[in-house]
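Scroll down for the structure; my scribbles are underneath it.
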Amino acid sequence: MRPSGRAADEMRAITIETGFTKHAEGSVLIGFGDTKVLVTASVEERVPPFMRGKGEGWVTAEYSMLPRATHTRGSREAAKGKQSGRTQEIQRLIGRSLRAVTDLKKLGERQITLDCDVIQADGGTRTASISGAWVALRLAVQGLIDSGAIKEDPLTRKVAAVSCGIHNGTPVLDLDYIEDSSADADANFVLIQGGHIAEVQATAEGATYDEEGLLRLLRLARMGCDQIFAAQEKAVAR
Amino acid sequence: MRPSGRAADEMRAITIETGFTKHAEGSVLIGFGDTKVLVTASVEERVPPFMRGKGEGWVTAEYSMLPRATHTRGSREAAKGKQSGRTQEIQRLIGRSLRAVTDLKKLGERQITLDCDVIQADGGTRTASISGAWVALRLAVQGLIDSGAIKEDPLTRKVAAVSCGIHNGTPVLDLDYIEDSSADADANFVLIQGGHIAEVQATAEGATYDEEGLLRLLRLARMGCDQIFAAQEKAVAR
Amino acid sequence: MRPSGRAADEMRAITIETGFTKHAEGSVLIGFGDTKVLVTASVEERVPPFMRGKGEGWVTAEYSMLPRATHTRGSREAAKGKQSGRTQEIQRLIGRSLRAVTDLKKLGERQITLDCDVIQADGGTRTASISGAWVALRLAVQGLIDSGAIKEDPLTRKVAAVSCGIHNGTPVLDLDYIEDSSADADANFVLIQGGHIAEVQATAEGATYDEEGLLRLLRLARMGCDQIFAAQEKAVAR
Amino acid sequence: MRPSGRAADEMRAITIETGFTKHAEGSVLIGFGDTKVLVTASVEERVPPFMRGKGEGWVTAEYSMLPRATHTRGSREAAKGKQSGRTQEIQRLIGRSLRAVTDLKKLGERQITLDCDVIQADGGTRTASISGAWVALRLAVQGLIDSGAIKEDPLTRKVAAVSCGIHNGTPVLDLDYIEDSSADADANFVLIQGGHIAEVQATAEGATYDEEGLLRLLRLARMGCDQIFAAQEKAVAR
Amino acid sequence: MRPSGRAADEMRAITIETGFTKHAEGSVLIGFGDTKVLVTASVEERVPPFMRGKGEGWVTAEYSMLPRATHTRGSREAAKGKQSGRTQEIQRLIGRSLRAVTDLKKLGERQITLDCDVIQADGGTRTASISGAWVALRLAVQGLIDSGAIKEDPLTRKVAAVSCGIHNGTPVLDLDYIEDSSADADANFVLIQGGHIAEVQATAEGATYDEEGLLRLLRLARMGCDQIFAAQEKAVAR
Amino acid sequence: MRPSGRAADEMRAITIETGFTKHAEGSVLIGFGDTKVLVTASVEERVPPFMRGKGEGWVTAEYSMLPRATHTRGSREAAKGKQSGRTQEIQRLIGRSLRAVTDLKKLGERQITLDCDVIQADGGTRTASISGAWVALRLAVQGLIDSGAIKEDPLTRKVAAVSCGIHNGTPVLDLDYIEDSSADADANFVLIQGGHIAEVQATAEGATYDEEGLLRLLRLARMGCDQIFAAQEKAVAR
């Protein structure tokens, strides 16, 4: 029995509210249960120095937790003067995940930045960020297509992410904070619609697992991502 | 005629949604029109080093804009590794304003931090922050009273803030971004319920004004703050 | 009775020594009693990035206290690796105050930096800095006019600043350190010769004041600034 | 055919030189072909603040590349004033991997820091670091056991790591720099002797892979780690 | 012939004004010609962590140039967020030089910090700083003796410093900025009254010199320091 | 008698291994006894901003100690976010020393960076760095000559460095860590083959010395550098 009463293969409620803020080219408030992340996509007509002159675009991400998104207040990274290793690791993961489904050539020489700000945290903030970032990116890309700035759609596949773990000996889907704190193993899967894997990050600080365990988690992740893909589809339908 | 069609002495819609996030001891999403600020109050049972051993508490504030709260994306202060002078100036103002109505002795040796994160900006982010921070602080203080941690109410007066300015030669109340960008003069007033002044920050980079001009802006500010006090009252009523 | 024995509307002795250092285009040691600030104006034939290509100049300021300008040694900001919020707030105020009287178009595409270094502090360091900065700026601008680099004078009005406060219930002019530490309210006024207001920064952490109180402080400030204008005039006369 | 002429399941030469430097409690120069990493284990009789008073120890890691470990000189992180996201991600991975095989209670209240400095880079610096760190940690732990500081061995299992990837459509073991630069997918596996998985970090920026692909890479990793375990065994035998 | 018209073995005018600022335990404005340095000595009743519990005191120094002490404005180290290598090198030299003549045991467990702020630079700022720092330290120590805090004088010898160099092939004493910029070699000598050497820092970026050259510079330095010792004696006489 | 049993004028064993790493244009592992420094020379076809457009090259150096090069682990400068004053002082010294023997005009508009990373420390790390840096620089310059990039040899003289000090009252050559920790005086000499002095840095925190003492140390340094010059010659012979 999970602390939340969910079945082992049951996702929390997925909520996606588009247009949550008005200035960004794409803006989404995504919720995986009590985890709420505001994701905005900002289009800029320039690329970072290492991409200049290639005729290609770039997709990147930044991630942050509001200081009181969590049970106890965390110190503000801007006040401390640096981003933690955890923050950098997560924002690099988000960026890679979205680039895995973006054709940078078709995007043209522009950059889209996905800002993922966690408003409230209850486990799975990075996976909600990736899943919401796809929606924000889709909205921003659609705007570029609608305005004629882009001819061919650079974003034809969806990407989503979910965490799975072994909790009290049972593989479970979409860990919340209570499960995450006491899980024997924790794995984040970034999957592409149609079945392919973009990223796996599986960690076992306490217990470890074998091949069979990894595959079971992967199968749970597929089930979760299918639900996220459906929610993404609904959110961007018009 | 103001760009928004408002009368010279007309506030934008004031919205206050309490309990916007679940972990903080006080949590408020305040809106002055399209300006939206999430304010959380976090209680910690310790005080900063300079206050130790005095038997008094402390109230402080931190302020930040999400990168895409604005028309064009601003760089993230955590990524740049330092808070701008503007950010520091604003968070110092918020802290002083709230301390002006808090009896630190009655608060006891604990600290309340008001985190003001601007979700969407359309002018007046610092005044919305102060006005919302009072509500978050009130909720956190009420929790301390209800739990018996505090005996006497340290927060018996309300504080609110509003900006006024001279726009196209006319003194106007509660400037939005369009007005703010082209105002001849801009003043932020922090007022205490009952008529007293906590802070005045009046600036005239372009034009300047005289004594009479300053008084007119102050009178508009009184009108605006009376409406904010009413909205605060309604938000914390139970 | 004030600790210094001064009358409520009495300024401390204003001393202005021009040419205190030899390299800067303008150099002034200004004293408000025991508060001594060295202000230099440096002309550079370039403007900051956000002003490029506008055919206009820029005036900016930096402020610092020597570590032992005060009663007890403060740590050196260069050693700590960052400027405090107080420092940034003050240098932004100085810059805005001087820009309020400078016609940036007539200055041409060049920058003048006003470095205000507090040699000795006894209250009122920001107001002495602004008042001295006008003299240093005037000297630098005069050099540009004399050399033919500038055709029309971009600096036709004076600006000065003074602090006022309520001490032991009495509004007083030009607070020294002892008064400042125990004042009920503290206001800095930046005034332009001829009567207009450039900036008001009025704070009441302890007590608060009403409209009448604010006006009384403003009237004292006018009296003080008139004396500063006279001292500035004398300092730049040739 | 691989650029190096190796078979798909062929590791590069594994070299482990213990005692490479004399001051550290454990010191190893590990080579995976031309990748050379100096790993030292330093024992300190204190634990970080978050571990104090638990009666347990801590194992942590730091990672750095010498500026000219690579084909073109990279800038020195100490000179830039911050560690890159990549560096932080890697050192967090090394620390977690070693903690996965250390019984922190048996270690006692002391910290062991594994410094991994890449002398020469040719792909696989993080996997060589983890594999070498186990040897350095083993030597340091042995010293603590020999001196009587530790009663029970806290390190009874080996941990090793290797990278695998899909290069020109073929799954290959232990990528060198040339392969790594052009691989379709890249996965780092941290395995524990006996068959269990401690960490998987699989990334596919370009192509993606399916379940079958992931398993093939995992099987290659097992083959590689078995060779590393043997080399580790030989290095610490006495 | 030297640019200033001085003889090869002629010092610039040495001026020492004690009590230049009022808060510090020792305060001196020292001039070597147009080079002017404000040195303050601050006594604090604590020692740095590495000196705690030894029953000894500590003497340390900090050094800074005001941004416009020089011909062209240098950027402010506090604004850049770090001290340059040059600054750190100089302040370490000043600290060592003063410690060379201080009996730290007799000083007792307290720290004296010598802040050397260059008001105007014309070559020799570090040597003027050291020479002035001795006077400030002497005044602070005298205050401790007078108040009874110290029983035995910890500062019985004088220390002074001067630069020498080879300019146009001739060894010269006390280089000013013009000479310093074009000298073939440049050496700073820190000497102790009575003839001993505390520090030599001799550099030859362009030309180099031999043993004989080094000795000639040392002899010039002795002549210069004898004049500085006399000026120091006069400054502290009472 | 010296702790190591060496004679007063006896150097430790000098070992120079060229080609220690493969990517750098010059790479050397130099040993002065147990002090081991890896020095690489990196050629880049650009010069720093202050050298642009002069038709000259630049030679610069960076220095670092691996955290566990020493008896107890030192914290990593990259993790602390800044280089210590000692590090900066040393890398500036190394750069100046090498520039003293390089004809920057003949080098052409390119930069050579000498990275000196101390693998193991036992006293004399800066002098070993300078002596090894000459070899790495020589190898890199030879490569530029061989490839035809440089016409005339910009490096016709050798430079080497050694420390001397007064230990138990006796002047000794090439101090190791034990001697360095307890020496009465410590001097680093940078000498140019043929007898000239490039740099002298002589410090006496405890005792001081006179002219005669300085000369004795210089004579020991000449003896030591002659041996280093011979070892350098042998290392670069082909």
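Per-chain residue numbering starts at 1, and chain names A, B, C, D, E and F are given in the order in which the chains are listed.
The rule is simple: contacts are C-beta pairs under 8 Å (C-beta built on N, C-alpha and C of every residue); 3 or more make two chains touch, one makes a residue touch a chain.
The UniProt protein names, listed by chain, are A, B, C, D, E, F = Ribonuclease PH.
In this text, all values refer to a predicted model and were calculated from it rather than measured experimentally.
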Subunit D reached from subunit C - shortest hop count over touching chains: 3
Option reproducing the contacts of D-F, where over half of them reappear, out of A-D, A-B or B-C: A-B
Chain whose Cα centroid lies at the greatest distance from that of subunit C: D
Distance from subunit C to subunit A - Cα centre to Cα centre, in angstrom: 50
Centroid distance [mean C-alpha coordinates] between subunit F and subunit E, Å: 28
Shared interface positions of subunit F, touching two or more other chains: 81-83
Topology of the chain contact graph, where touching chains are joined (line, ring, star, complete, other): ring
Chain order around the ring, beginning at subunit C and proceeding next to subunit E: C, E, F, D, A, B
Contact set on subunit C toward subunit E in their complex: 21-24, 27, 34, 36, 38, 40, 42, 44, 62, 64, 66-73, 76-79, 81-83, 87, 113, 115, 117, 119-121
Subunit B to subunit C touching residues, read off their complex: 82, 84-86, 88-89, 91-92, 96, 99-100, 187, 192, 195-205, 208-211, 213-215, 218
